[in-house]
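Two complexes come next, and they have one chain in common, chain A, joined by chain B in the first and chain C in the second.
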Partner chain A sequence: MPLRLPSALTPPGTVTEGSGPEAEDTERSALLNAVDRFGDFWVLGVFVIMVLVFGLLSPSHDLFTRASWLNISQYAVEFLLLAVGQTFVIITGGIDLSDGAVLGFTGMVSGVVMQDLLSAHANSMLTTVVGFATAIFLGAGIGFVNGFLITRLRLPPTIVTLGSLTAIGAGATPLINGGNEVVNIPSQIGTIGETLIANWVYVPVLVAGVSCVVMGLVLHRTRFGLRTYAIGSNSVGARRAGISVDNHLVWVYTISGLLAGVAGMMVMANFTDASPLSGQNDELNAIAAVVIGGASLFGGRGHMLGTVVGTFIIALLVTGLVLVGVSGSWQEVATGVIVIAAVAGDQVRLRLAER
Partner chain B sequence: MSLTTDGVVPESAAASTATPVIAVRGITKHFGSVQALRGVDLDVHQGEVVGLIGDNGAGKSTLVNILSGALQPNAGTILLDGKPVTLSSSLEARNLGIETVYQDLSLAPDLTVWENVFLGREQTVKGPLRLFGWLDRRAMILGAKADLDRTHVRIGSVKALAGRLSGGQRQAIAVGRAVAWGSRVLLMDEPTAALGVEQQETVGQLVRSVSSQGVPVLLITHNLPQVHKLADRVAVLFHGHVVADLRCSEVTVDDMVSWITGAALGAQPHAG
Partner chain C sequence: MTNRSWLKGARSRAAIGVAVLGLLAGTTLAVTAGAGATTTSANTKYTITLIPGNTVDPFYITMHYGAIQEAKKLGVTLKWVGATQWEPSVQIPLVKSVLASKPDALVICPTDVVALFNPIDEFVKAGIPVIAVDNTLKNTSILTSAISSDNYQGGEAAADAIAKLAHDKGQVAVVSVEQGVSTTDLRQSGFAYEMKKYPDMKLVALDYDMDSATTAETQTRSILLAHPALVGIFGTNGYSVEGVGKGVDAAGMKGKVFVAGYDAEPAQVALLKQGVINILVIQNPAEEGALGVQYAYDYLIGHKSLIKKSVYLPNVVATTTNASNPKISQYFYKTSA
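Now for the complex of A and B:
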């Protein structure tokens, strides 16, 4: 069964009440259908074009190599995990600006905990497990607090998560370990970051991939996912339908924080240390990925597949520009331009569809 | 999910000696120093369509909100099938079978028709996946078709996005799902506001189809010609009282107007 794409225009009930055969509107909508189907996949098309362009432009077609894939996929891991959580949040019409800060913070706290355990001669394996648990629970806890403040105190998500971002990123994280990187962490973690499955997929990439699939199924096949869309589309209506909107939102932000914790661990695995710089500004890329993937910041629309493509577009942009020899800051410019183009293009398509 | 009816085809003549499905006695409500309702009595019987009319500020919205559980009255009783009930929340009201279709319809425009119909009572698959709330899409798509067919309004595909449908069709979804939720009485708050003539006719069709399924309807509206056509009786609210309970077959629209403005009472016309 194909995944439902929220913005797909399946045959609309445009027939006037009580008159006209249904065959009429199927004809018109078949054409509109085709246009919209194409429209939904335009992000995928952009991605393919980018791959081709960068691939052909890169010296000796470096992009089309396994090394290139490994590089890009590794880079994409942290954004992907954040973007998965962000997808849920944005679909409800909210936003989580603290994602990146939570990534860094959970990494640092987990790192310090593991460092302390190791100095106390604790078992390496056990330390790793405790480290993971710390990151995940801490991330979930912060997400929970975000959700709680947003729903119980009725504060806008922008403000609350901005507050978290500041308190955690600028405030708490530099306080940990004196603001220094934590290097004394179990070697297992570094091993995780380096292990390849079937010679093509790093373990962190697999973790991110599994998260995408699982959360994608939750979003598109379960009641929780449907209600997420409902709340974003019409929260008053959702409430009237008997849905506990506040509780649902708390869950959504908790999930976002939890995934940021997982991302914190994966970043540690990639670099074999915990850095206070990890995750800075990552949330912007995560949000960009979700929007490029077709989500609306007003809520109610978005798609996990779109988020994945959006993330890879950004990862490809960064890596591709490097391969082609363009300097770092231009990557940021390019990302910004693509986000604006994506949103504008989406709006244009919506207006055309309404005619 | 099917609607249970008594199998009784309602006659438009009043069954006024039977116990009303829903009734209020002496409902009073004030907001600070503003007295919105000053002792309202109203009955709705099985198979009836009752209109609730009145000028702005007469108290219609307040009364609807009290009946749907969103507001608590300061005094008075609400009776369901003759038994007093307290509606402390809209959820409780819905659990008792009082369904309200609000003016804004409470539909999610980005969701499809069938998703809207089942919002809040989504069906999950049997088996282990049930734990995760795995949706039984096929059952819901079929169920939505059935629920909407009963409204006799053409919707086209239930997979269409709700936001793309016309106002009348969206009304049909809201009403169809309220009835499918197993309502004992349907409250419709200004269903034709902001709808064109053709779509107002759709709403009329909806009300008739609901009524023919045995569900009584309380229709709150400004649309006097329509309520005159559709309703069996009309209750006129004026300054927080029900000042008249009129048989539509016995009065004209002009009569209704004079009751609404208070002219029939000999009241002074007030500014505004």
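Now for the complex of A and C:
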């Protein structure tokens, strides 16, 4: 599927770049076209090179095993879900710093709800359904509030979502259940997390995968996606074109919150408990994944497939460095370097495009 | 420091909160602190105030419990004042307000080894003895006593317990929090040093999970892939060992690779009982609190010779096998005092 990257990286509605590689533009030099094409593919290239390097360096090539795939894909779940929502937000030129905190908060609230239902002898199936619904609606609700504050009070997304991060992550979450992990939740939730489909795919990985595909289609194949790009490229222009920019942004932040709620449930399914620490600093990995995937923090550019590749690059760093025996601290260094390289590469490309 | 991981997260988030919200709204304390205070009264002339690292961590709740029991025994009044977060910028104003209330003695877990020196020194200058529990100060000269768990010994105990289960041979790994955290660094060095005593055992991997159980899990699974001969992994705090236990379980190695960890909050105890975690090194916060109160009392009644300047309390080792034994389970951390 990587072949679809170029056209989608310069989606319809993009104002900063009126031309994709397919566009016939005689002014464009061969060099520029080459740079453009390299820019589109380089993330995937980096990923492939990393897979090969870690795979060949790891003792007995452990990276190329089923166990390794299960490990990496399971680790990627929560970052993937957050990054999918973050992709929409970043394409509109915004940012959601609160999604990691929302993950932890929704997980804790849902955990406490389930704990109370269980102690009231509710059916565990019902409890699970109510718990899931709580997390999803709560996440969407917080996202809605973020979007509402950003659009109606005209506050910068950085400030609103940083406020949410602080109020929820540092203020509210530690107060739930006295700051303790919630242990008494239905054991079926853990079973869901452990269940393998066709021996290769954990249920949470499937959930994240389906979310990627559905939201990828929404982004690249619907009017909603088109408007997302239009707002990020030129919000004034989008407004003049009759797009209800404010309502659209509220939806985008609501989606981000909702997916953070889903991520909260997936983390809970993994550990069979709800932890106030879950999601801490996850927003940074999610943003990094989106940026590595080729999105511009100035808005208007980004691609779902790029986000998926970006997420797996981060997941691969964590597991790959351990496999080759490099201390885990280097993982942070490597992630930082790759993010800067991604943004720098992007800037070089834009500058060349402006010539 | 207990290294309950959210402390650090809360700390960094609160730091952001202080920087941004403080500027914006001036409501930082309301958002990030949520201070709490309770009093355990008795009809006496002595009032001792206990300021924990935070008020929600079971470790400190258990410390409070121990202090309450001791205060009742000695017939002193105990006050408990703290914030929900491990955060010096929140603790310092609390400490200052406690000084204004003029207690007879202060028992405190300083949330920073340097930043709390001056606020604590104010007490000493006012003639109020100060005893540090759990964490300490860099300059201990002003403290009447410093009481903490022996983290190095805890690491050694974890190593011995894994060695015993693995019959003294095989490869082991450590998943710790991050470099530069004094408590977990000591646990990790104690573990590494003790392992050298076993000629057929070798420490082959050391990773840092940056306070994330999810990361600890994936690192564990990677370690298991890279080192098929592994027999044990030590997670140096509660969240690390939770991720390690889950990783070993998910890789289908439960019972083949032994998991040792730290602290005994409800989540870790549950995993210990399930056998996902095989060994827990448990600190004794109740004793820290009780001894802190006792030393304060000794000082006040003039029995200063009974006070040791520095105390390292030994840890308790719980295993899946002895987890239900009341002699062990009495040390599990409490969620209410």
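Rule of thumb we're sticking to: the second predicted complex is superposed on the first by the 316 of 355 C-alpha atoms of A that agree within 3 Å, B and C clash if a C-alpha of one lies under 4 Å from a C-alpha of the other, contacts with A are read in each partner's own complex, and residues count from 1 in each chain.
Following the convention adopted for this analysis, a residue touches a chain if its C-beta (ideal position, glycine included) is under 8 Å from a C-beta of that chain, and two chains touch if they have at least 3 such contacts.
This structure is a prediction, so every number in the text was calculated from the model and none was measured.
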*Touching A:Arg223 in the superposition: chain B (first), chain C (second), both, neither?*
first
*Check the residue A:Gln86 against both partner chains and state whether it touches chain B (first), chain C (second), both, or neither.*
neither
_According to the stated criteria, A:Val267 is in contact with first (chain B), second (chain C), both, or neither; which is it?_
second
*asked:* Just checking: does A:Ser68 make contact with chain B only, chain C only, both, or neither of them? Give me first, second, both or neither.
replied: second
*Intersection of chain A interface sets (partners chain B, chain C)*: none
*In the complex, go through chain C and note every residue touching chain A.*
5-6, 9-10, 12-14, 16-17, 20-21, 24, 31-32, 34, 54, 56-58, 61, 84-85, 178-179, 205-215, 217-219, 221-226, 239, 242, 246, 250-251, 265-267, 270, 335-336
*Going by the contact rule at the top, pick out the chain B residues touching chain A in the complex.*
90-91, 94, 102, 104-113, 115, 119-122, 124, 132-135, 137, 153-157, 159-161, 164-166, 168-169, 198-199, 201-202, 205
_Residue numbers on chain A that touch chain B, as the complex places them_ = 1, 4, 6, 9-19, 22, 25, 218, 221-224, 226-227, 229-230, 232-234, 236-238, 240-243, 300-301
*asked:* Going by the contact rule set out above, which residues of chain A touch chain C in the complex?
replied: 58-59, 62, 65, 67-68, 70-72, 74-75, 78, 101, 159, 162-163, 165-167, 169-171, 173-175, 178-181, 183, 194, 267, 270-271, 273, 275-278, 280-281, 315, 318-320, 322-325, 327-329, 332
